[in-house]
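The next part holds the structures, each set out as structure tokens.
You will see subunit A twice below: alongside subunit B first, and alongside subunit C after that.
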Partner chain A sequence: MSDPQTRRTVDHGPEMAAATGRSGAALDRFLTFGAVVVLFAVFSITAKNFFTMRSILSLALQTSTTTIMGIGVTFTIITAGIDLSIGSVIALTGTVAVMAAIAGVPIWASMFVGLLTGAACGAANGLLITRLKLPPFIATLGMMMVVRGVALTITNANAKPAPEAFGGLGNDTLFRAGPQFPGISYPVLIMIGVALVFHFILKRTRIGRYTYAVGSTEEAARLSGIKVNRVKIINYVFSALLAGLVGIILASRMVTSQPNSAIGYELNAIAASVIGGTSLMGGMGTVGGAVIGSFIIGILTVGLTMQGANYFMQQIVIGLVVIFAVAFDQIRSRR
Partner chain B sequence: MRKLLLVLVALALVAGAVSAQEIAVIVKTGNSSFWQNVQTGCFDAMKELKAKTPKLSVTFLGAQSESNIAEEINIVESAIDRGVKAIVLAPSDVTALVPAVKKAKDAGIPVVIIDSLLTGPTSNYVSFLATDNDAAGRACAKELVDRVKAATGSDDGKIAVMSYVAGVGSEIGRVGGFKDYIAKNSHLEIVTTQYSNADMPTALNQTTNVLSANPDLVGIFGANEPTAVGMGRAIAQAGLAGKIVAIGFDGNAALQNFIKDGTLQAIAVQSSYNMGYQGVKTAYDASIGKKKVPAKVDTGFIIVTKDNIDSSAAKNVLY
Partner chain C sequence: MPEVILEVEGVSKSFPGVKALDKVSFDLRKGEVHALVGENGAGKSTLMKILSGVYQADEGTIHYKGKEVRFHDSTQARDAGIGIIYQELNLIPHLSVSANIFIGREPLTRLGTLDEKRMNRDAVAILDRLNLHIDPTVRLNRLPISKQQMVEVAKSLSFDSEVLIMDEPTSALTESEIDELFSVIHTLRDRGVAIIYISHRLEELKHIVDRISIFRDGRYVSTDDYTAISMEEIVSRMVGRKLENIFPVRHNVPTPEKILEVRGIRRTGVLHDISFDLYRGEILGFAGLMGAGRSELARAIFGADPIDAGEILMNGRKVSLRSPSESIQAGIAYLSENRKQEGLAVKMQLAENITMANVGAVSPRLGVISRPREMNACRQYVEDLTIRTPSLTQIVNNLSGGNQQKVVVAKWLFCDSKVLIFDEPTRGIDVGTKFAIYELIERLAREGVGVIMISSELPEIMGMTDRVLVLHEGCLEATLVTKNTTQEEILNYAAGLGKGTQS
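Up next is the complex of A and B:
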């Protein structure tokens, strides 16, 4: 959280002192960004063919989905919530979009239908949390199962091949220039767009300020006139909408709908978010942090694979990175 | 009063379950066309057997995902508690399901194992029906070696193995047989083994990375359905379709398309339908029919290539 942001939050609610950012926030972000650079440099030296334009573009493509999910889940975590339904929403939206396309709906419209499905899941999450007063962990855990079940039911668990044109979004590139520069994939451009838009929402709009306020001290936010429930619902819609976007990107990359894929992806998103400095206690987190966190995971995964590292070691390394990133954050904030 | 009602309802349920002559089919997960095909086989067998036993019912259950072993154990235990007549089980782990299967045996419920190996004493179950995964893995390896030789004139070079879940019975047999054949019958070097956890996007990413790290790769093997599809996508996207020898496993629509367009050169297709069909029939014979059943049945596989994909032999196993 940047300092000007914090001050504005406080302006809106006098009792929002808890939201005060750490003075070292800028330094923290510098350090996590430094970690990305160091990792990148290490793999460029140790993994053959890692430092090629082709691999870098492929890295960006592979990381784009984690980044988009990570940005979405960051919004819910800032409100001191969580979204465990992301993986299932990815499966359902991709499935719905592909089925619509198979039924003859134009590609762009079928993708839009997929996004709407995602948003509807988010609204359901938000309503369960605000109207039934369910803890977000429980509400989204339940929805994780319900949504997965729906995806499996409507497809009878079969992967359905999509029309060839459906694969355009995930497989085509911009500025293609021969085999050395295969071009920038659309999902990478979407990732950049999503990051900019949601950074703007979080830092420059009322919704963003209210999001921090609700996550810092919910009661104080309510007393200062913020419509807490509405803010929460919007945040869960953001998260599911972005999960839906990922679902469409993945379905497009596969050119199939996969009702049984993306199991556990929400955990990657949450890991990316917390590595980037989002606090599970709420009130703290940035879009930039989620992007950096995703790229730390992405570079490790791609780099270790290309290095030929044992697959089981990869899991150990990534797990340790999550633990130490957060531990480091804790130690710094205690000072 | 309410308690009494509950007891009555519970009793009715138990009575219903007992008189229904249930055969429980418990698979790794319901979530793929492979297992759906097993299910079709199960229900076709049930329709035939209903002529003899009208009260017969077949339930088809599976865990959320193939790696969710604990959930599968629970499903087996609740089937035992329900007092089913027989269990057809595709164990998602070679050892973890042994105690549950032993429990069924002790309760007098015959268990038929399908698809994947289970360790422990073979007396725990009455029959084992599966693709001979070791033979299928070897057949894939032979196909790969022969095609690399035909393409490059030598059996030297680098290959990669894209596997699914480390350590499950079918994987140990299949990938183990593949690697053993490669080591004994060629000079090919396996540069890496990756595990996709049977998640297609993961397989796509892993294959992309393996291909870009090893531009001199001559061959690649995708060891189950989602993994082979993700691998095929990655090969097509890297523009390497037809330029490296790619062998897949299982045979859904996407994989058939890859065979037809030359992205994959061959797929080993198991008869999943047969596993379900014969599984239920064997379970019926062992419990209700009181017949002796064979201890081991090979349900078979077939190597499908561009040349034979339209043959009736291939059509019988493709789904």
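Up next is the complex of A and C:
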């Protein structure tokens, strides 16, 4: 009935509307981006060597994996789902790719096999959620254990060294120019590419539009003829595919397959996504937000390390950032 | 004259950008049912929230039982004896009836555990006072909505409420449940409880209301004895102008061309072998009581719910009923009565909602949406349907109910739908806007679509349809030509009393 909010936006011009809705999200993103700049400035002043080309490039490299995962999980969260199997998928894809390479498959093809493994995990998540109607939390929790178990089983829980050429993707750089500029690592370039492509998918394509629609009001989406199940499956495949990409990058950086790697990474990805403004209720979230969220975590980690704070301290700080980022959102949206 | 229990004088309340109440006065007598009516935005809810302590007035006074009061929160108001029952029930579905009634103040045993026995005993005592026979140990969500609402009334009474505010209490009830609610209201009134009754359904007021107050645009308009004022007068005061006609003049002419044929639709326990035809340019009503299967039939035709047998033909061609997307492609559209859950993606933009069922039309290549095309298409519908919005990117949740309904219509027109099924198209929409919706439906029929209109309001069926199907417990009881029938005849069939079918 007489909801003053409604009347206000209906009765007044666009100035009023600008204060609500999606333009509000733009403001949020501006604020979070502002937080990145402030953090960066603070560490540049307080931590020696933070503001150098070398450490900035290393920051980008370290953050690239969180960013790629965060983008993937953002898609599932926008549909009001979640993906807890990311860490395990990372371990399995890396393992499978390295084993293929050891078996003599060409490097690029073995990496491709890894990606396919990831995609298959995502399809399994999607099918469990849509066909068996499992809550995404349960389906991906189960898959988290299953996939990890498979990775451990096929390797006997042993790390295996990969052929040297396998390390190229993770360790080589582009545009190397002497000691001043060590070059941009491939993972960073991949991150930029992934961010651009998935931003485009989310904002400009039908599948992106449907992702928001399913997360906003699932039944309305279904009654609009949107194939909700298909949309969900595609989103879980996206998430697992990007996790697979991270798995290959990590295996390549280590030049080994490590079935015990990436435990708990999904939580970092979710944290990055949430700091970037994705709503666990679904219907809201952006690729840009996930990128910014990852960088906030990345800058804190690198900056605190350089200041000599230990790992435990970093955990406390990052945890508080997650809590206050969301609390801040809640307080803002309440008025 | 009975004593005045509650008196509001010169109360105002502003929110950023809007004055919701402007020096409003109003009084309530002991043992009366006092209706409060007005369009959306008239300020009824704001006033009720001030009375029940949710909001505080900016100025003005409230006298309750002779003393000036100022409630700072709803607990204070409730303890003083002013209870409110919202449209959306404030109960916990998974707890028992007695647990719901005593929530937050459960009696304890000496050991500090819940005293279930006492709770159940006291709950029975309260329910008895309302002549209700509900098992207090049953889980709330096992009860029909009407009984749940009675539990809410009982809960409110358990605080010894002397003033009870009911906001749209009948919106989710069936006819017989409404009668039950009314008898409870009568019981309460006879016990001296003063009741403020808010409703959009002006028709039902005659059964219970003693006085009626009308609000418009945050201002108080008038208070009258209900018997001293005509329905036309009420409506014209609510709207602020004379409403010449409730329904538009109908120019649509059903053609002999069958657009939709429904053959033997069956769904065990829900729909029993239903067949009918819809003609181009026709408005076909679905009448029946709540639970008669009208929405279920519509959803079956739309492919939203599975069926056990039957088929439908659009323009003579068979339509698979596996999913809505296939029905949509065939040109069928269903406009659900639950706009916010089933009709709209409320967190998304107006333009995104309009194109939602047909994004392909603005995605020229590889599924990439062309934003300029999308905007152009939507601009046309916004103008054509006079959707009042500050911009095409407005979030739909911020639009009024009538405008949201138009957005849903635009969505289906954008799919080039040939059969539009409106399920309770004017529910929750205020009187002034209803006419616009009726006009739109009439225009669609005139322009050659087939319209099915499901409605629980018989005047709406009588005023808007060419023919009417009457359903009763999932069976098609009668197919009537509207101008040759009466509300009584429809009601008889709807109640299952009609003799012989003419389908």
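As a convention for this text, the second predicted complex is superposed on the first by the 311 of 335 C-alpha atoms of A that agree within 3 Å, B and C clash if a C-alpha of one lies under 4 Å from a C-alpha of the other, contacts with A are read in each partner's own complex, and residues count from 1 in each chain.
Note that a contact is a pair of C-beta atoms (placed from the backbone, for glycine too) under 8 Å apart; a residue touches a chain by one contact, two chains touch by 3 or more.
Quantities reported herein were computed from a predicted structural model and do not represent experimental measurements.
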Touched partner set for A:G283, first subunit B, second subunit C, both or neither: second
Which of subunit B and subunit C A:Q330 touches, first, second, both or neither: neither
Which of subunit B and subunit C A:L223 touches, first, second, both or neither: second
Contacts of A:I263 with subunit B and subunit C, given as first, second, both or neither: first
Which superposed partner A:T46 touches (first subunit B, second subunit C, both, neither): neither
Contacts of A:Y212 with subunit B and subunit C, given as first, second, both or neither: second
Which of subunit B and subunit C A:R204 touches, first, second, both or neither: second
Subunit C residues within the subunit A interface of the complex: 15-18, 20, 38, 40-46, 167-168, 198, 218, 302, 304, 323-325, 327-329, 334, 336, 340-349, 352, 356-357, 359-360, 363, 366-369, 371, 388-391, 393-395, 398-400, 403, 411, 415
For the subunit A and subunit B complex, residues of the former touching the latter: 47-50, 52, 54-55, 58, 62, 65, 148, 152, 156-159, 161, 171, 179, 250, 253-256, 258-263, 301-302, 305-308, 311-312
In the complex with subunit A, residue positions of subunit B that touch it: 29-33, 35-36, 64-65, 166, 191-195, 199-201, 204-206, 208-210, 212-215, 226, 229-230, 233, 237, 239, 252-254, 257
Subunit A residues touching subunit C - in the complex, by the definition given at the top: 1-14, 16-17, 20-23, 204-207, 209-210, 212-213, 216-217, 219-227, 283-284
